[in-house]
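Report on one structure; see the data block that follows.
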Amino acid sequence: MSVELEDIHEECGLFGVWGHHDAAHLTYFGLHALQHRGQEGAGIVANDHGSLAGHRGLGLLTDVFRDETEMRRLKGDGAIGHVRYATSGSKNVENIQPFLFRFHDGDYALCHNGNLTNCTSLKRGLEAEGAIFHSNSDTEVLMHLIRRSDKPTLMARLKEVLPRVHGGFAYLLMTNDALIGISDPNGFRPLELGRLPGGAYVLASETCALDVVGAQFVQDIGPGQIVTVDDNGYSIETYVPDPQLSICSMEFIYFARPDSNIYGINVHSARKRMGARLACEAPVEADMVIAVPNSSLSATCGYAETSGLPNEMGLIKNQYVARTFIQPTQELREQGVRMKLSAVRGVVEGKRVVVVDDSIVRGTTSRRIVRLLREAGAKEIHMRISSPPLRYPCFYGIDISNTKELIAAKMSVSEICDYIGADSLAFLSLDGLVESIGMHEDAPYGGLCVAYFNGDYPTALDDYEEPFLGSLPRSERERLRREWRCSDYRHDAGVGK
Amino acid sequence: MSVELEDIHEECGLFGVWGHHDAAHLTYFGLHALQHRGQEGAGIVANDHGSLAGHRGLGLLTDVFRDETEMRRLKGDGAIGHVRYATSGSKNVENIQPFLFRFHDGDYALCHNGNLTNCTSLKRGLEAEGAIFHSNSDTEVLMHLIRRSDKPTLMARLKEVLPRVHGGFAYLLMTNDALIGISDPNGFRPLELGRLPGGAYVLASETCALDVVGAQFVQDIGPGQIVTVDDNGYSIETYVPDPQLSICSMEFIYFARPDSNIYGINVHSARKRMGARLACEAPVEADMVIAVPNSSLSATCGYAETSGLPNEMGLIKNQYVARTFIQPTQELREQGVRMKLSAVRGVVEGKRVVVVDDSIVRGTTSRRIVRLLREAGAKEIHMRISSPPLRYPCFYGIDISNTKELIAAKMSVSEICDYIGADSLAFLSLDGLVESIGMHEDAPYGGLCVAYFNGDYPTALDDYEEPFLGSLPRSERERLRREWRCSDYRHDAGVGK
Amino acid sequence: MSVELEDIHEECGLFGVWGHHDAAHLTYFGLHALQHRGQEGAGIVANDHGSLAGHRGLGLLTDVFRDETEMRRLKGDGAIGHVRYATSGSKNVENIQPFLFRFHDGDYALCHNGNLTNCTSLKRGLEAEGAIFHSNSDTEVLMHLIRRSDKPTLMARLKEVLPRVHGGFAYLLMTNDALIGISDPNGFRPLELGRLPGGAYVLASETCALDVVGAQFVQDIGPGQIVTVDDNGYSIETYVPDPQLSICSMEFIYFARPDSNIYGINVHSARKRMGARLACEAPVEADMVIAVPNSSLSATCGYAETSGLPNEMGLIKNQYVARTFIQPTQELREQGVRMKLSAVRGVVEGKRVVVVDDSIVRGTTSRRIVRLLREAGAKEIHMRISSPPLRYPCFYGIDISNTKELIAAKMSVSEICDYIGADSLAFLSLDGLVESIGMHEDAPYGGLCVAYFNGDYPTALDDYEEPFLGSLPRSERERLRREWRCSDYRHDAGVGK
Amino acid sequence: MSVELEDIHEECGLFGVWGHHDAAHLTYFGLHALQHRGQEGAGIVANDHGSLAGHRGLGLLTDVFRDETEMRRLKGDGAIGHVRYATSGSKNVENIQPFLFRFHDGDYALCHNGNLTNCTSLKRGLEAEGAIFHSNSDTEVLMHLIRRSDKPTLMARLKEVLPRVHGGFAYLLMTNDALIGISDPNGFRPLELGRLPGGAYVLASETCALDVVGAQFVQDIGPGQIVTVDDNGYSIETYVPDPQLSICSMEFIYFARPDSNIYGINVHSARKRMGARLACEAPVEADMVIAVPNSSLSATCGYAETSGLPNEMGLIKNQYVARTFIQPTQELREQGVRMKLSAVRGVVEGKRVVVVDDSIVRGTTSRRIVRLLREAGAKEIHMRISSPPLRYPCFYGIDISNTKELIAAKMSVSEICDYIGADSLAFLSLDGLVESIGMHEDAPYGGLCVAYFNGDYPTALDDYEEPFLGSLPRSERERLRREWRCSDYRHDAGVGK
C-alpha cells in the first residue's frame, strides 16, 4: 500500500461461499486475498447443516487462524468471512465480524463493509424501543431492523427495511439455509459474484478473491441489488425503484488490488491510464520517474511510458515493516534512522526526479518523501499525483471523515507544493480521472463517486449533514447546497420516514 | 523476493556498531533493513562497558524482539547482530547467532555469513583434540582456532588462523573492547563500512542498512581484509598476500536489496541493465512485458524500456503470504485455490506476454507461472531470464549445494522451455551479465564469482571437491579440472597445511 | 479443587469497586482471589469519569491481562470484573463478561453469577419483540428488560423488572455514576460488601477477595437486596416483599475458598465440622485418614481429629497439572501413566485407609482413587463423603443440570460402594450437613439450599420444570410435586402467565 | 512450595528412559512430576535409532511443549529430559538442558543436577587448552573432560575423569546406544532407578516420577555409582574407592515431593516425624496449629497429632499465583493488597496459634506471616520450624551460596524471634532432624548432609573455600577448619594437584 494512503482506510473485505463442502477453508483463502482491505481483525462463520459456528479475533487473518485448530470447528457447506480495517481507538474484539446472532427460530451471521449515514438516528430510534447494542459498528442496526419487521419472510423483511438504511454498504448475511449479498442503492462498495467449477457460488468484495479460489466471475452485484444463493442456485432482486451507480472511485485509485476488475475494468490498467493521462496533463522535463511503493507502481508505469522517461526504483519500502513494535526514538529519528521507506542514493543522486503517488491526504508523507530524496541527492523533485486533490470527507465507508485532516481542503496546490518542499506539484484533473477509469456508464461521473474531490455527494448525508456543512466556510456551504445533485432525494429521505 | 528464487537462500545478514550509546537499537534497525537476507532467526549481542549480553530466537526480528523488554537488557556502546536464513531441517535455536562465548579473560560475540569449504576437515581435526561443538554452523570453528592459537594478541591470532579457514565468509567479531569485521580472501560475501554523524562506525552486509541508520558509506571491506573498530576509530589490515575479488554475482542478480550499492554499483541499476541487455540479446515480438514480483521488477523495467514494449502488472504477489500456516489441501489446489501468486486476467488475456524473471532453479515455479498465465488467457508466453542458466552448486554461502536440483544442469534451454511450457525461453549470456554489472575490475569476470554458471570456482573446493566431481559426468569432470583457474592454489591449500 | 468436583462448576466470580483511584487494579487483585470460581475467561470494565472501557478474553486472568498494556487503558475510580467458569462447548469470547453496552444516554457494564430458571421464556418473549442476543448467557436478558421498562429511574426500572427474572443470580451493574449489586430473592449466590480504608466500597462473590484487597467486611448482600454504591456511599433496598434465604450449600461444601466467610460462618471451619460429624455418623476402624487434595483437606482434618486416627498424605495432586495440553495416550494410560493424582505407596501400603472426599458426582473419580490406592497397596479403603448424596440437578447456577450424570440418582449407597470398589462407603446425613454448617437461620434447612440432595427446590423451576419432572420416575415425580415447599409461589409465578 | 523456601532453589530435575517405543512422551510425563524441582526451563532429547534430536525452551514444561508439534519430532526408544530451576539473572536459553553435542563419531546428550565445587578451576584449565564454553552451567565441563580423555571406551573415560569433578552432581548422559546415570561420590543429589512393566528402565531424580509413569522402583543410585542402561539391561559400577553417602537433608525437609521415597524413607512420613519431634522439643500452650501452605503440611500434621492441638487452616495460598505479571504497586501493598498468602480471620481471630514452617532463610517471609496473622486477630503467634537454623551456604546444588542472606547466620534464635515479631520461636534440633529422618546409615548424620546447619561439609570446598572462610569471623573460621571431618581428603584433592 502507498505510504501516503496508509492514512486512509477501507472499511473491510467480505467473502462468502455456498455449496462447497470445505466452505470455511475457501473463505480463509478468499479473505487472504482481501487482507489488504483490513488488518485489524478477521472472522469466519460456517454453516454446518443449519448450525452456525464462528471464530474471530484481532489481527491479521494468519493471527486469528494460526493453525487448523479453529478451522476444524468450522465445518459445513456455507461460510462467510470478514477482514476489518485498523483504527487506533477501537481495538476491541466486540467489533470484529461476522456477528453471529442466535434466535430460537434460527441463527444469522452478518458482516458489513461500508458506513451508514443515518446510523446514529436509527440507533437512537431503536434504543428508544429498548434495543441494545454491543458494538460500535453499523452492522447490528440492520439485524435489529430485520427482527423488528413483521413481514413473513426474510426477503420481505429485507425489502421493507433496507430502504431505511442509508449510506454505503455491502452486507453478507448467512442464515441456516442461504447466503445473501446486499449492495446499497448507489453501489458504493463493490461486491462480486463468482462460480466455482463444482457449482458452488462465491461472493467477494473484489474479483481477486474469486481468482484465488478458482472461481469464475459471474457478475457485479450492482446498486440496490440483493443476491440470494441457496441450494437451488442464485437469484437477484432489486429493492429500490431507481438505483444509480456511484461506485467509490478510491477503489480504482488506491484500495482495490491491481488484479481486481470492477465493472469490467481492470484496476491496474485504470491506474496506468491515470498515470499516462497525468503525464499529458502535467509533463515535466526530468531524468526519471519513480514510484512510491507499492500502490503507485501502475500509475508510475503509465507516466513513464507516456512521458518517455525511464522508470527507476528511487524509493524502496521495507517489506518487513508491518508489526514492528520497536520504533526509533525521537533522538534516533533525528540522527536519520528510518525503517519504512528508503531513498536510493545510487539512483537519484544528482537527478531530476518525477515522483508519482496516488494521493495526498495530510501531506506529511509527501513531505517526508521529498526530504528523503533531497537527502539522497536528488536535484529536482516533481510530485505528480494520479488523482485530484482530496477536499471533502467520505461518509460511505472510507475513513476520511474530517476535512481538517485534508491538506487540500485548506491549501491551494501551490501552497501544498511549498509545504511538502517539492519543486513542482500537479494533480490529475477530475475529468482526467473519470476518463482514465472509463466506466462509460450513463450516469454522473461515469458511475463513480467522486465526492471527496468535489463535494458532490450522491445521497443525502443524514446525520452527518449538519456537522459537515457547519464545518465549511459559508460560500462553500452555499455552493454545495446549491449544486447537490440529488438534493430532492436527500431531503425527502431522512430517518424515521 | 522472486518466487523462483525462494528456493535459493542467502546465508545471512550481519550488522555491527561501535561507539554509539544506543548500539543495540541501531543494530535492530540495521538488521531490519537486512531481514530479506534471512528469516529463520535473529539475535543481537551488546557490549556494556566490556560486559556482553545477548538475546536471540527463532523467527523474524520482530518475533525475536517483540517489545522493548529484551532490548532494555542490551545496553552499551557496541553491538553486533545477525539474521539467519530459513532452512527446513535446522530450526534449532542453537544455530541462531551471534554466538556468545565467555572466557575468564573476556567475552566474545561472533556471527557469520557464508560457508567454509574445509569446515568438516577442520571440525574433525579439532574434535580429535577434544573440541566440542554445540551447533551445526561453521561459526564455532573460527572461535576454536582463535582460542587454540598461542599468539599473544587477538590480531596476531586472527592472522595466524584465518588462512586456515577456506571458502566464503564475512565475520563480525565483538570483544570487550573492539568490533572486528573479516572478509574472506576472495571477498565472496559483501561487507560494508559506514560512519554515523556522531563518529560511531557501522559494519553491515549491505549499504541499505547503512542508509537506514543514517550512516555514510565509507568503503567496502574487500577480499582478505580485517577491519578493526575501537574507541580510537578504525583500521584495516590484510591477512593474505594475494587477495583477489570474486564477489558473488547472485548478490547483484537476486539477493541484495535494490537500494544497496556493491563496490560502487547500485543493485537496481545493475539489474535494469541486465534487463536491457537481455532485450537486446533475446528480443521478441509481443504486446507487453511483465515482471515476476518482486525481485525481477528492475530487470523488467530495463527490458521494457529497451524493447519499447509496455511494462504491465500481469502477476500479483500476495504481500500477506508469509507466515500463513493454513495451506490449501491437494483437493483445493486442484480446484484452483492458490494463495501466493495471481495472474491478472484483465491484463494478459489474449496478449503475447514477455515474462522477465531473474533465474530458474528447479523450473517448477516457472512452470507454475506459465500455467497461471495460460489459464488467465495469455496467448503467447516468452520467458526471459536476466541471468545465465544455473548449472553448478555454490559452496561459498548460497544454499544451492546440489546439482541435482538445478534444471539447467540436466536440460538444454529448449528442453527447459518445453518443460515449463513457454513459447520461448532465453537466458542472459555470461558476458551480458558481467558487462551489465560492470565492475570493471582487473580480475576474471570483472571481480565476480560466476561459478554457478560455468563451474569456474575461484578457490579449491576442499571437502566438497570429491563428492562434487563425483556427481558429474566424466567429460564435464575433466573439463573442470583442466580449466580451473586457481588449481595450483587449490591443490596447495587443503586442511592442516 | 477436589478431583471429583472438577465435574461441577460454579458459574463465576464477581468483583467491583467504587471510589478508589486505581479501581481496575484492585479489581484485578480481587478477581485473582476469585479465580477458583472460573477459569474460562475474565474481564474488567473501568469507569473513567463516566466513560466506560473494558477488556476481556479467554483463559485465566493472567492470560487475559498478561502485562500492564491493557490495564493502562482501564483508568478511573470505578470498575467491575468477572471470572467465568470453563465448559467444553462455549469457548467463545462473546460469552466472556462483563458485557459493555453503549447507549446514547450512557454506558452500562453488567456481569452475572448464577442461572435464570425462566431465561428461555424471557428470551422468547423478548425476541418476539425484536430483541437480538449476542451471547448464550443469561446476562443480556436483564439489560433488555431494563431498557424496555418505561420507569423514569434506573432503580425504578430495576424494581420493576427484577421480579420477572427468576432463579439464582448475583449481578454487578456499573453505570456512569454508580456501582450496583443485586441478589436474587433467595440469595442463592453469595455477594459480599466491604469497605476499603480510604472509604471506597467493594463488592465481591466471596470475602476472601475483600481480604486480598485489604477491605473490611461490611455485610452480606442478602436475598432480594439491591446495594447501590455511588459517590455518596452505599444504600440497600429490597425489591421483593418476602425474601427468604436459601444460599447454595455447595458453596460451603466445595466452591468457596476456605478462608471466606458466608453469613458469618468460616468455610474451613464448617468443612471441618462436617468431617467431624461424619466421623461420628460413620466411624470405621482404620490406620489413617487421608484427604483427596485439595478441597477435602478441611473435612479430613475434622474427621481425623474426631476419630483420633492419624491424618496422612496418602494422595498427592500435581500442582502443575493445569494447562497441560499433552495427555497420555490410551496405551500409556494402560501402562500406568497418570499425571494428576498419585497415591503414596510409602504411606498407604498395607494400611487400612479412610478416604474423605467432599462429594461424589459421577463416581468415576472415586473409582479411580480407590484403584490408585489399591495399586499402592492399601489393605482396606473406606470412602467417607462429607456431604449427602447428590441426587437432583441444580438450576440456580451450578453446572449439574442432568440427573443422568449423578450416580446417586441411579444407585443406592451400597451399589455405589460396589461400583467404586471401596470396602465401605458412607455419606454425611442432610441433618448432619445443615447442623455442621450451622447457619441457625429461622428458615428451612437453616437458610441453605439443599435441593441437590432432596429435590426440595425453593422456587418454581419455570422452563426447567417440565423436562425435569419428565425425566423422573412417576413416584418420584409425584412425591416432589406433593412436597415442594413453595409450590404456590412457584405456580403463581412463571413468565407469560 | 513453602513461601519461605521459595528463596531456596533446587538445581533441577532429571528423567531418562531407555527401551520404550514412546520414550519422549514418558520423559514428558516424568518431568511433569518433577516440575517442582525447576520452573525456569525444560528440555527433552530423544534417541531415534542412534540419531539424537532435542527441543528445549524457557518456562514450564507445558510452555516448552505446548502441543504435540515438537513431541512428534522426538521419536525413538531412548530419551532424557531436564527441568531447570529459576534464577533471576540467567534467563537464557543457552543454559537450558539437556545439551546436545554432535561429533563425527556420534552424538551425546547431557544434563545435570547439582553444583561442582571446582568448576572454575576446571574451566580455567580447559580454557588454557583452547576449550570454548557456551553456557554458564557446569555441565559442559564434564563433556570437555570426556572428549579430552584418551581412554578407548566411554566407561573408561568416565572413570578417568569423574574423580576430577568435585561437588554434588547427578548426571544423565545419553549416547547413541546407551543411557548413563552418574552420582557424585557423596550421593548429594538423589537419582532413582525404576523398571517399566515392558522391561524398559527409567532414571529419575525422585521416585514420584517413577510412580507417575508406572515404573517399579529398583534402587537408589548411590554415591560414586555409574548406572548404564542399554539394550541388554542395566549394570552398575563404582568409580571411587570409598564413596560415603551424604544425601542432601533439604530433600527431606523441603525439595522432594511428599510422595517420593529416598533410600526407602517416605518424605511425607519423615516430615511428619519432624513435626512430631518438634512438638516434643518445643511444646507450647495454644489453641491450634496451622501450616504454611504447601510444604509444611506434613510437619504441621505431625505437630498437631503429637501435641493434641487441632490442626486448622489459618493461612491460604492462592493456587493461581504463579505467572502473575501484574503486581500490586507499593501504594496498593501499603493499603493491604496481597496476592499470595491470606490469613483466615474466621479461624485465627482471638486465638493462640502455633505456626509450623519448614525453614527460615532470610526471615522476611516469616515476618510477613506473623504480621498477616496479627492483622487477622491472632492473639499469640508461636513459630515452630521443623528443621535447624540455616547458618551455612550450600555448595552442592542448592542456591544458598551466601551466608549474608541467612538470618540465622547473623542472629540468635531470640533475635530472630524479635525480628519476625513472633511470641515465641523454636527450631528442631539437629539430632531431632537426623533421628526423624531416620536413615540409620552407618555414616555421619545417618548419611545426610547437614552442612547448612553446622558447617560440616563432607568434601573439600575447592574454589569456594577461600572466599567462604574469608567471609566468616575468625573464631568461626578456625572452628570449621579444626572440625572439618574430611579435611585430609579435602586438602589432598583440588584441581591440578
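We call the chains A, B, C and D, going by the order they appear; numbering starts again at 1 in every chain.
The rule is simple: a contact is a pair of C-beta atoms (placed from the backbone, for glycine too) under 8 Å apart; a residue touches a chain by one contact, two chains touch by 3 or more.
Predicted model only: the values in this text are computed from it and were never measured.
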Please identify the chain with the largest separation between its CA centroid and the CA centroid of chain B. C
Given over half shared residue numbers means same and under half means different, the chain A/chain C interface is same
Separation of mean Cα positions, chain B and chain A [Å, integer]: 39
When the C-alpha atoms of chain A and chain D are each averaged to a single point, how far apart are the two points in Å? 62
Between chain B and chain D, tell me the centre distance in angstrom, where each centre is the average of that chain's C-alpha atoms. 49
Can you pull out the residues of chain B that are in contact with at least two other chains? none
Touching pairs - complete list by chain label: A-B, A-C, B-D, C-D
Spell out the part of chain A that touches chain B in their complex, as residue ranges. 22, 25-26, 28-29, 32-33, 35-36, 60-62, 65-68, 71, 196-198, 208, 211-215, 257-259, 261, 265-269, 272, 294, 297-298, 301, 304-305, 310-313, 316, 318-321, 323-326, 328-329, 331-332, 335-339, 342-347
Can you name the residues of chain C that touch chain A in the complex? 54, 57, 92-94, 99-105, 120, 123-124, 127, 129-134, 136, 140, 143-144, 147-148
